[in-house]
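After the structure tokens below, expect a handful of questions from me.
Labels for the chains are A, B, C and D, by order of writing; each one numbers its residues from 1.
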Amino acid sequence: MKFIAAKKIPDLLGLLARDARVWAPLVPEDSADTLLFLPWEPGAEVDLERFTQVSPKKLVMPGSEPLFSFSYSMAVDCERLEIGDARGVPGAGGASDADGAGEAPGAATVLFGARACDARSLTVLDALFGLEPGEAYNDPLYRARRAALTVVTLACTSCDAACFCSSWAEGPASTEGSDLILYPVEGGYLARGVSDRGEALLVLDIWEESEQPLPELAETDRVPFGTLNTKLLEIFSDMDFWERATERCVSCGYCTYACPTCYCFNIFDEMRGSRDGERCRSWDACMFYLYTLETSGHNPRPTIAHRYRNRIGHKFSYYPENQGTTLCTGCGRCIRGCPVGLDIRDVLRGAGER
Amino acid sequence: MADLVTTIKQTLKDVELVLGWVRDPATGVAAPARFHTEEEAEAAVFDSTCVHNLAVHLPRLKGRRLGIVAKGCDARSVVELIIEHEAEREDLKVIGVGCGSILDVKKIWRRFGYGVEIDDRGDSLELGGERGPREDFLARKCHGCLEADPDIYDLFVGESAGGPAGEISGGREEPHPLSAMLEDLAPAERRAFWREQFSRCIRCYACREVCPMCFCRDICIMQTQVPHWAGGEVNARESEMIQHIRVSHLAGRCTGCGECERACPVGIPLMLLMDEQNRAIEDMFGYRAGDSLRARPPMQTFSIEKDLWGDEE
Amino acid sequence: MNGETDRADGGAVNATDADRADLKLVAFLCNWCSYAGADMAGTSRMLQPSQVRIIRLPCTGRMDPLLVLKAFQEGADGVLVSGCHPGDCHYNDGNYYARRRLELLKRMLAVRGIEPERFQYTWVSASEGARWADVVQAFTTDIESLGRLGATVAGGGGG
Amino acid sequence: MSTIPREGIKASEPLRPEPATVLDVITETPNIKSLRLAFDDESLMQSFSFLQGQVGQLSVPGAGEATFAIASPPSQREYFQFSVMKTGVVTTAIHELRAGDRVAVRAPMGNTFPTDDWKGRNIVVIGGGIGMAPLRSLFMYLEDHRDDYGGLQLIYGARTPKDVCYLDDCRQWEAGSDIDFVTSVDT
């Protein structure tokens, strides 16, 4: 099996960076206790031990992206409107240039150091946004980013108390969404190609041969999903349950924005001056009051309990019912980072026992 | 802490519910909770992992009779909320707790892994079997602690700290770890620094939602279409704008509880901004939010004699 | 303002480089004192720089710090606020409230890296046309020496 | 979805609208206006087709985009019509439009009425207020294919007499000898 010594990881990243933008778990400047997927530059030290606070979904679904630009102008007799492509407005800087995710869709990108849960989440998003041009749901921007993305996954030989990917059959051994998987072993990593694109990376002359066996993967917490989808429907109107479950929630959007499978977005126009503008798509979160506020002033989800109920119901009941997949991969980010210590597993278990 | 449990039970005879903490069985650290019954109150705890400022819940619960367990810093928020009419003193039973400083649990978790066993010995810490210097993991707000004992309370539990908890580590003089760095930067470098910091923002609004003084709650001017103060994009430019809207609206309100910086998932040093503003306000108006129920918020008043900036010519 | 002012400015602009002409300066003036003062400077044909865009407010008490933040975000290189002298507010005390807000804002803008010269506030009465001309000239000179705020600005307009 | 023809927006760029011009603005009620639009691209306008009851996304770039039913019948090839009640940011911007102004449109989208299944039967169409918009398209379609159906009845109501939309159409329906038209107002 192919093997790479831990100290040669920067060399591997260097090779990958020749043809693509490489994103890896990095510590941002001045913030030692933060770990995020950030663009790797030579010299930057990747952290392959800890978990990132935000999922890598922004590589296929940026926090913001322009859908198109528009421009009004005065002709002799009338006003004219031109609809341009996404980057048509000079000086606009693009919706997300500052965080680096705003590269033109289709630029070759490598996601390095994703975990199995992250890689698997990409297949969930694929079903939503469409991978093939002919599919009913067809998002050309997503497709372009996804098609240009190579995923190098880091298999988990250890986990923490927030992980629960073993709730699904494959658990940490899942290869879904990965192109290449690195397995931590003594002194470095074993590598296994999953897709053709991953196999192609194994041709690089950085790999050695190794006889080491594959390591034993982590065994995480398991949430018994069982009949949760129908159970959640049964307790839909049990507001007492939902209110008690969300007493500590403050209705921020961290859990949804950190989540690798939450995909809600909002679309709005931003002017650049008085004549030019862009239509942008940005992440939106069902935990926000404004998410469902209607023009009339009516809000069908007025309280935190209503909103959290929707979040849970969507992930674990309605979506699985309609699409056959849970909108969760057990990455545990929403648990690790919740500012008030709300654990989604407690709510799910509580619902199961209701 | 039997004393706390008894006090909450006693308070529950008089109020609808009490805001406090329970121990999360999965991690062993405290998590916010509401106690509605005496039976539930049995689970109440107070220890050095009770970092959350429970005053954040008061505006949403306004009009109901409540109890709230409050550290010295939390009580400052309660005071400020009462001044701002977001809570009614007569509806509140404040259960003050003596606080000997609080741990930054998230910092511990991010370094040692979520759920690592935290054994706080009072003068030292053991984290997953490893001994760590306790000061390294103190909540940052403790370094600027003004009063470890609550200023207002109806009942008091535990031992009085008899002064700022921060004396443990140098009292309130200790500035934000990044303030010296910021001080040394030229204006253009400062702009680049903040641009870099805000480039990480994901606009989850956790800073706003955990802030007791961001009491506009569901309808916030950061997100209104008309007027369009901030664009909807997730980028450094808009994130910096929304944070400064927040800073501006918290002038004279921020009690420095540090919740915004603690909640920020991407580690933006938000308290660096808040500290600078709080310092400026103290310098200009001699005002510290949360000091007194009788105080007049500085942005809601003026002094003809003292406010002489800009008059020098 | 009037055409005469513009023509006078035209000369001034030609004397400087194109970069200076590109400066975007915004002045928020209260209706009762400073706007009338600026008008007086105009009708008295006093020389004024032309890069300054004037926005009239009912009173500096209306001066929301967000207006300044937004101006910088949209690409302003300098913001000037001017109202009635303390004690002279048409609404008695609008400028007293404003003074607290504006001074605090000035200090916070410095924290962000916006030089104090880029945000100035002052008092000009309706009869002080000459003072307005001096104030706006000094302000413009300050900003000219600092140059454009640039793309890394606290939310600079990206340009 | 796939059985519905989508002659309009480009399948490769479903997010990008096409510029269109406001031909006419009709004030229907104090808070409802109808806009008659045509795509600026003439060949697109010629090939543009939709089914009765389908919707379109109407944009005033700068203000935003919202979904509205197409209120004109498929047989109307000169223009397509949206009827919009003024409620929020986008609809306010739409209400400020005048003939000659430019907008952007993504259409057609959504579902149609199963009119083929109704052939040979008596049809009653019931609508109220601005909810009449897609039904106007439907009813005019039924009129266009009068021979395929039995009796045609349209029952239309609004809150008050001044909230009744499509007054010109109503007069024609009222005068029409082979349709039964009933109006009603709440107050």
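FYI, a contact is a pair of C-beta atoms (placed from the backbone, for glycine too) under 8 Å apart; a residue touches a chain by one contact, two chains touch by 3 or more.
What you see is a predicted model; the values in this text were computed from it and never measured.
Of all chains, the one whose mean C-alpha position sits at the greatest distance from that of subunit A is C.
Of the two chain pairs considered here, B-C and A-D, the higher C-beta contact count falls to B-C.
Chain centres here are Cα means. That of subunit B falls 37 Å from that of subunit C. Subunit C and subunit D, compared by their mean Cα positions, are separated by 50 Å. Centre-to-centre, using mean CA coordinates, subunit A is 39 Å away from subunit D.
Touching of two or more other chains is recorded for residues 193, 195, 225, 237 of subunit B. Residues of subunit C found to touch two or more other chains are 158.
Multi-chain contact residues of subunit D, defined as those touching 2 or more other chains: none present.
Only residues 67-68, 70, 72, 78-83, 133, 136, 138-141, 267-269, 271, 277, 279, 281, 295-296 of subunit A touch subunit D when the two sit together in their complex. On subunit B, the positions that touch subunit C within their shared complex are 182, 185-195, 221, 229, 237-238, 240-241, 244-245, 247-248, 251, 273, 276-277, 280-281, 284-285, 298-299, 302, 304, 307, 309-311, 313.
Listing the residues of subunit A that touch subunit B in their complex gives 28-31, 33-36, 50-51, 53-54, 62-64, 93, 95-100, 102, 160-162, 247-248, 250-254, 256-258, 266, 268, 270, 280, 282-283, 285, 288-290, 332, 335-337, 339-343, 346. Remark: subunit D residues 1-2, 11-19, 40, 59, 61-65, 87-88, 91, 100-104 touch subunit A in the complex. Chain contact summary for the complex, subunit B toward subunit A: residues 24, 26-27, 29-34, 52, 56-57, 106-107, 109-111, 113-116, 178, 181, 193, 195-200, 202-206, 208-210, 217-219, 223, 225, 231-237, 259, 262-263, 265-269.
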